[in-house]
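Multiple structures are listed underneath, in structure tokens.
Shared chain: subunit A. Partners: subunit B in the first complex, subunit C in the second.
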Partner chain A sequence: MKTRMNDPKIQRDTKPNTRLTALWSAACVLAIGAMAWSTPASARKLYVISSNPTYSSIAKRVGGNLIRVTYITKGDQDPHFVRPKPSFAVQLSKADAFVVTGLDLELWAPRLTDKSMNRSIRQGQNGYIAVYSGMKLMEIPTSRSRASGGVHMFGNPHVYTGPMNAKIIAKNIAIGLCKVSPANCAAFKKGYRRFKYQINRRMFGKKLIKLLGAGTLTRLTVAGKLIPFLQKRKYRGKPMVDMLGGWAKKALPLWGQKLVTYHKNWIYFTKTFGLNVIQEVEPKPAIPPSPQSIRRLINTMSRQKIKVILAANFYDESKVRKVCKRVGAQSVIVAFSVHGKRGINSYFQLTNHWISNLLAAYRRAGAFK
Partner chain B sequence: MMGGLFADISPWRLMALPFIECLVLVGIHSYLGLHVIRRQVIFVDLSLAQIAALGTTIGFLLGIHPHGMGAFLFSLSFTFLGAAVFAITRTRKARVPQEAIIGLVYAMAAALMILVIDRAPHGAEHIKEVLTGSILWVKGSEVLSATVAYAIIGVFHFVFRKRFMAITDDPEGAREQGVNVVLWDLIFYMTFGFVITFSVNTAGVLLVFVFLVVPAVIGTAITDNFKHQLLIGWAMGTVVSGLGLVASYVLDLPAGPAVVSFYGLVLLLVALTLYVVRSPSWLRALGHVGMGCLVLVLLVGYFNVLRALINAVPGWKRGEHHATQAHAPGHARKRTAVGRLDDLDLEAKEKAVKKMKDLAQLKRFFAKAETPGAKLNLAERVAQINSREGAKLLVTVLVSEAPIFFRNTALERLAKICRRPFAVDLMEDDEAKISKVITEVKGCVHTLVARPAPAAATPPRPKPVPAAAASTPPG
Partner chain C sequence: MFKIGSRTAVIVLTLLLGSPAALARRQTSKPVKPADARRVTPTPGTTPPSGARPAQAKKTSADKRTTRLEALIKKLEKKLGKLQSAHEDLEVKQLIMESQVESVTPEKKGFKTKTFLGHARSLQGLNPEISVTGDLAGVFYLTDGKEYGATDRSSFRFRGLGLHFQADLDPFSFMKAAISITPNGVVFGEAYAVWTNVGGVMNLMAGKFRQQLGVVNRWHKHGLDQYDFPLMLTEPFGPGGLNQSGLSFQFLLPKITAHANELTVQVTNGSNSKAFSGDTFSVPTTLVYFKNYWDLSKTTYLELGLTGIVGFNNQRGGQTTEDLYTDEAATIPFTLYTGQGSTVPLSFAPMGEVVDEKWRVTAFGGANLTLFWEPMRKGKYLNFLWRSSFLYGYKRLAPDSVGSRQDINWMGGYSYVQAKVSRTVELGLRGDLVRTFEVSDDKNYMYQVVPYLIWWQSPWLRFRLEYNYHDGNAMKAAHRAILQVVFAAGPHKHDRY
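Right after this comes the complex of A and B.
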């Protein structure tokens, strides 16, 4: 260091420095210009942002052309987390409504809304739409210790995997949009009713709805008793299960089948279609499997002859496939949300995607012989 | 109603706090970085930051919120332990370079953290957050407390600046003058660790390292005067973090890593400029730089070709997904709307209805019942107790708007009470036939009610139908 001090060459550095500064200031001006220019103009349509694309797609069904929708977490990302990007706060600052689960699924949401400084979408304000309200939540924990992993304190928040919950989501969105824009309330209600009817029809088929009514069918489904009920009861001498249509008919072979899921995020789906979740790949929610837990899982699977592991496509596929290979089971890696995979652009396609993939897996595993 | 429009957020408001936080960080870190570079313990920062993160992580596992005071105390305590290690290991007769020990401490802390975090939910993402930080989300109060903390450390260092310079530049000389070098080293590392703990919490390990090293490196590369180095470092840090944040905003990139990459870029540019400026022949130096650029272009081309090749060969392409994230506890919210839907166990309700005996109560329930299943259940129960009363209720179900199954079940039940078949398919048959049958049923019930007979005996009460056939969907 001391020798360098005496080096005459080092004293020559003043001129280039001014040149450098000029260069930097030019770059600075350019960048700031770009920033001001990139701020988009606001549109007249209601701007609805949701935490994930599934809510967005339902909101679009409810709001139609009156709203513009966008979402924060991508379809193939874990809904638990969002990577901090400035654009999210900017988007939210312009939002008229923010659609979230309302439980502790999106822990990032409050910080993001704070950052956006948009008061109208804070919790409790008109623009804050929590879709869970009015649902029968499952797995409400009795203890709140973190020792048992990433437990959701209010119950399982992965609500939209159950088609019956999708109707409640649409209802809550319609109610929320009505608060934000009372003038268009009739249109939102109409959109909600249309979506509800579509879900009912696709779930049960027209004939069964006429026979039993959507209300009864929904209650039976939420209680996980749809198929036993239809098998037991008769209409004019014929078991009503013969009159099934829609997803319920398509998924009928799945009723009572055993499976393992990666995370506890399918509970509403499995209850709806009578699938029997024996275990999760994760030893505790949100804790990646350890060698010990994998060994236990493999033992359970071969003992109970479980043929299918269901996982969302943002989890570690290699682990799932490894376990499947060991016990000769099928892995079903599916999109967990709308836009989670190419070609899945609506809630209906998403549910179809889940059912079809599971059916194919059980068929491959020879479960339907 | 259009609240979003009025609350529109300008880029300035969004990026102002992160920028101020950057300025605050640059202020103290450029200074400490100069010390670190002179001491030639570059990685001491990474190491201390990792120890701080280990402390936070262990706290996290013990149930302490990762962004609170508790977590800070945890990581601070760990950092002080690290400071003690570094102060003691700066020996005079260094057979093992201190950098080796620093590197080891880093690796150990990182490994331990991974071991610990493996037990915690969304651990991988917690590690990622520790690395990249969340400077975009920094709060005003956090900036304020950091400013105060750094100011205290800054004043302390200013007061004892000569002593700190002495032990940094010439520890031997200081020792000869009777300074307790180990003690002052410990004090240096403790203040250093204090700053690191503070900054890692908001800025993340990577950003802190860059704030520490890059301005100091640029300053040292340009001049040997400590004061000038510090001024250059501050100026550089301000400009570069500002530009990094602008880039983060314009290109929509995560803020922390964007600033880090920008620092790297600037360092490269400065190094190249200095190389050209200082070389005896400008032209030759420029030629070298040009060649470097050419190599860079070739490398990019090479990787593109490689990618195309991998995509072309089947079986080489395989992706894996990773995305789980930090899952902080807290944000307790009351469950209110959940209680609204009762825990409806269909069979339990049916059983409860079957046990009821009070006719008046059953009728009251029937009037109040909201679902067709409940109405049918109650009507059937009434019919079991008193077939005439039951028949009246069953007729209400039959003529109601209820879904066909319930009306049909009521019809089948009425057929048993009237002891005659009503052959009609409510689903398929036309309106005329259905209304004809309904008139028939009404007639039967009318005569039934008109007949003066003891309720329970005549007409003979239908046998309690086997559960499977008689039990109806509840509601």
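Right after this comes the complex of A and C.
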């Protein structure tokens, strides 16, 4: 039986069609390839690079599985001094978003951005996220002079040491990610709200949030008045301070304690938890301590009975321990950023790490008797 | 007011009816007594009950009253609950208001007159970022019997007051400029504009800039690790190294051979008078720099750079300026084409003559290697650097007076190590070895040994104590001790990696 397919005439006739099909298939493959090559931001994971691992940790909370994050400064590295290595420029050349403080902390960042040739992460562009925006900055110098050492012109840039600032960081990251990938904005907003809720709950506890609201508590904390406010007031006949939970409750014994820090990088933390910083080990920011300044520090600590020195682990531990030994104080050498020490993988763990170490030090120093 | 009112209402109700709970208890648990039942008035129009019937009627009436009372109690309890809830809400609201009052800085009261100032004539904020650097050194020759000349006298030298500017020009480009004011005049260091991400592939720089001949040639003198540039740069290009005007194209390549690859192509005037044509250049020089960068670990990196530069050193164009008769120009061995088939030495060239020499090539090629280690946590206190560089050069010269070909085949290199031993102290040692950049059958060479110590008073001021031993087979040994102070005022920063 002669079928239509077996008919050589028909087969001959179909040859051009086969060619067309092959061409069409190739075009489709090419088109699919091209589409895959130019996958829109909404359909793939966004590549987010931050200046330090703490911002990365917060960004991951906000972006979840929609983003892939990495960072430049390592957790145990001084964020002021980072060499803008070419390998960082290569990373940044592929980034969808670059998260930085946006103040004069990461002076190496513009150089890297220039080298990366990635225009979308330059300041003012969609992929540039400055986390300081919307924060109440502290220690803004009234006299801008190097006579005061390495002052930061726009205020203290070590913003993430304050848990209330962490919420603003998350919000700014969410806003930035929304600009880069509008299709996933709802998910970023959700991530931000979840992080904000977790910070609030871990900071104040559920009970107080239910009564006064997180906004009110945040305002009081930023003003440095949370504990005095709660101590003065009663609710249903009971002192309101008894309703505290979270870090605020845990760190309550630290309120009003005197402290020496190595560098002026703890101000947002100390204001949040009511620690009273009397002096720094550095005579001025960025000026290394001299024998004279160390002598003055020892005198001050002895006179004022200061029992604890707090320092990030990238500073000279031996100098801190030496001073502590001289005055019978306790040294608290801590990670300054997420991944600054083994086991510190999130912002919550980092804040816990700071509070727990300080509490232990004051306890050892007999400050809570 | 409402708070007092609600409390008062609760008190009044309690006085009238007793505690609602107690009242309810009383009403539900207390059985209706016969005496009470008797006191109940029969409903009009009904037959007085006989026997058990009147009692039943009385009971029904009492039940009704109880039900009524219970309903009333429930109503009152509900009202009381609402009042209590409102009271709590008020307490919380009051607390929130108090907290807001406490956390907000009070507004200034009063209505005082004031002077209004605008900012239209005070836009200093838009000025470029300006920094000032100072570079002063005391240079002391220690060689016995030194013949003191104009430049090698033991003296204090203010090498330069540097003015550095940088600013964004628009959303797409920025500029940098550096001028050095020296006791002898103003030196135009660099001035260039940079466009980032041109065509999505490169950075473009246009202007006058220090060229990417290895690593160190890019730096300004005050930012060097030692007092002066290595001989490898000063011998073929002069004391300032290679610094010419033109265009620079910088490409960040995909990873080809290393963790980062960069390609820089620079097309500039051949205006360096020692290696190229000086003021009478006519053909651009082209420099290519290929950088390979490896992160060996978190703390260590290795960089290998390969450089090549090609240009011409023949003279072309009109001799119209007196500059050509300067001492420097007179030492350059070139001749002048008279246009009538003969050449005459430059020093005899009449003004206004057109020079058109045959093309003579100059080419350099070399490599540089950097190894750097800096521990993450202790990076402020400890690091180690080893940097070495080698350069080979060829320069074809004009034929000598008897017409024989003259070439310079040159090579030179340096190597140095530097270690940071504390937050403020760095130690280093550099060794240089070069041939002299001249036509010589003797293969003259020079070398330097440069140990040094740097002390950073702060990140903005440093002192350097350096010893410089300079010797060679065609020179007298020179021993110098240098005490240098370098300062930077303003936001000036050096980008190193």
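Assume the second predicted complex is superposed on the first by the 325 of 369 C-alpha atoms of A that agree within 3 Å, B and C clash if a C-alpha of one lies under 4 Å from a C-alpha of the other, contacts with A are read in each partner's own complex, and residues count from 1 in each chain.
Note that in this section a residue touches a chain if its C-beta (ideal position, glycine included) is under 8 Å from a C-beta of that chain, and two chains touch if they have at least 3 such contacts.
Predicted model, so just to flag it, every value in this text is computed and none were measured.
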With the two structures laid over each other on chain A, which partner does A:286 touch: subunit B (first), subunit C (second), both, or neither? both
Applying the document's definition of touching, compare subunit B and subunit C: which contacts more of subunit A? B
Examine A:315 and indicate which partner it touches, taking first as subunit B and second as subunit C; both and neither are also allowed. both
Check whether A:85 is in contact with subunit B, with subunit C, with both or with neither, and answer first, second, both or neither. both
Applying the touch criterion given at the start, work out whether A:186 contacts subunit B, subunit C, both or neither, answering first, second, both or neither. neither
Going by the contact rule set out at the top, does A:124 touch subunit B (first), subunit C (second), both, or neither? second
A:216 in the overlay: touching subunit B, subunit C, both, or neither? Say first, second, both or neither. both
Once the shared chain is lined up, is A:360 touching subunit B (first), subunit C (second), both, or neither of them? neither
Footprint intersection on subunit A (subunit B / subunit C) at 76-78, 81, 83-87, 89-90, 93, 107-108, 111, 115-119, 146, 149-150, 211-213, 216, 219-220, 222-223, 225, 229, 233, 235-236, 240, 286-288, 313-316
Spell out the residues on subunit A that touch subunit B in their complex, using ranges where they run on. 1, 4-5, 9-10, 12-13, 16-17, 20, 24, 27-28, 31-32, 34-36, 38-39, 42, 47, 76-78, 80-87, 89-90, 93-96, 103-104, 107-108, 110-111, 115-121, 123, 125-127, 132-137, 140, 146, 149-150, 153-155, 180-182, 207, 209-213, 215-216, 219-220, 222-223, 225, 229, 232-236, 240, 284-288, 290, 313-318
Hey, which residues of subunit A end up touching subunit C in the complex? 74, 76-78, 81, 83-87, 89-90, 93, 107-108, 111, 113-119, 122, 124, 146, 149-150, 211-213, 216-217, 219-220, 222-223, 225, 229, 233, 235-236, 240, 286-288, 313-316
Can you tell me which positions in subunit B touch subunit A when the two form their complex? 1-5, 7-11, 13-15, 38, 63, 118-125, 134, 136-137, 222-224, 239, 242-243, 246-250, 252-255, 270, 273-274, 277-278, 320-329, 331-333, 335, 337-338, 340-341, 343-347, 371-373, 402-406, 408, 425, 427, 468-469, 472-473, 475
So in the complex, which bits of subunit C are touching subunit A? 88, 91-92, 95-96, 98-100, 102-104, 171-172, 174, 194, 196-197, 200-203, 252, 255, 259-260, 262, 291, 293, 295, 298, 301, 303, 374, 376-381, 423-424, 458-460, 489, 493, 495-497
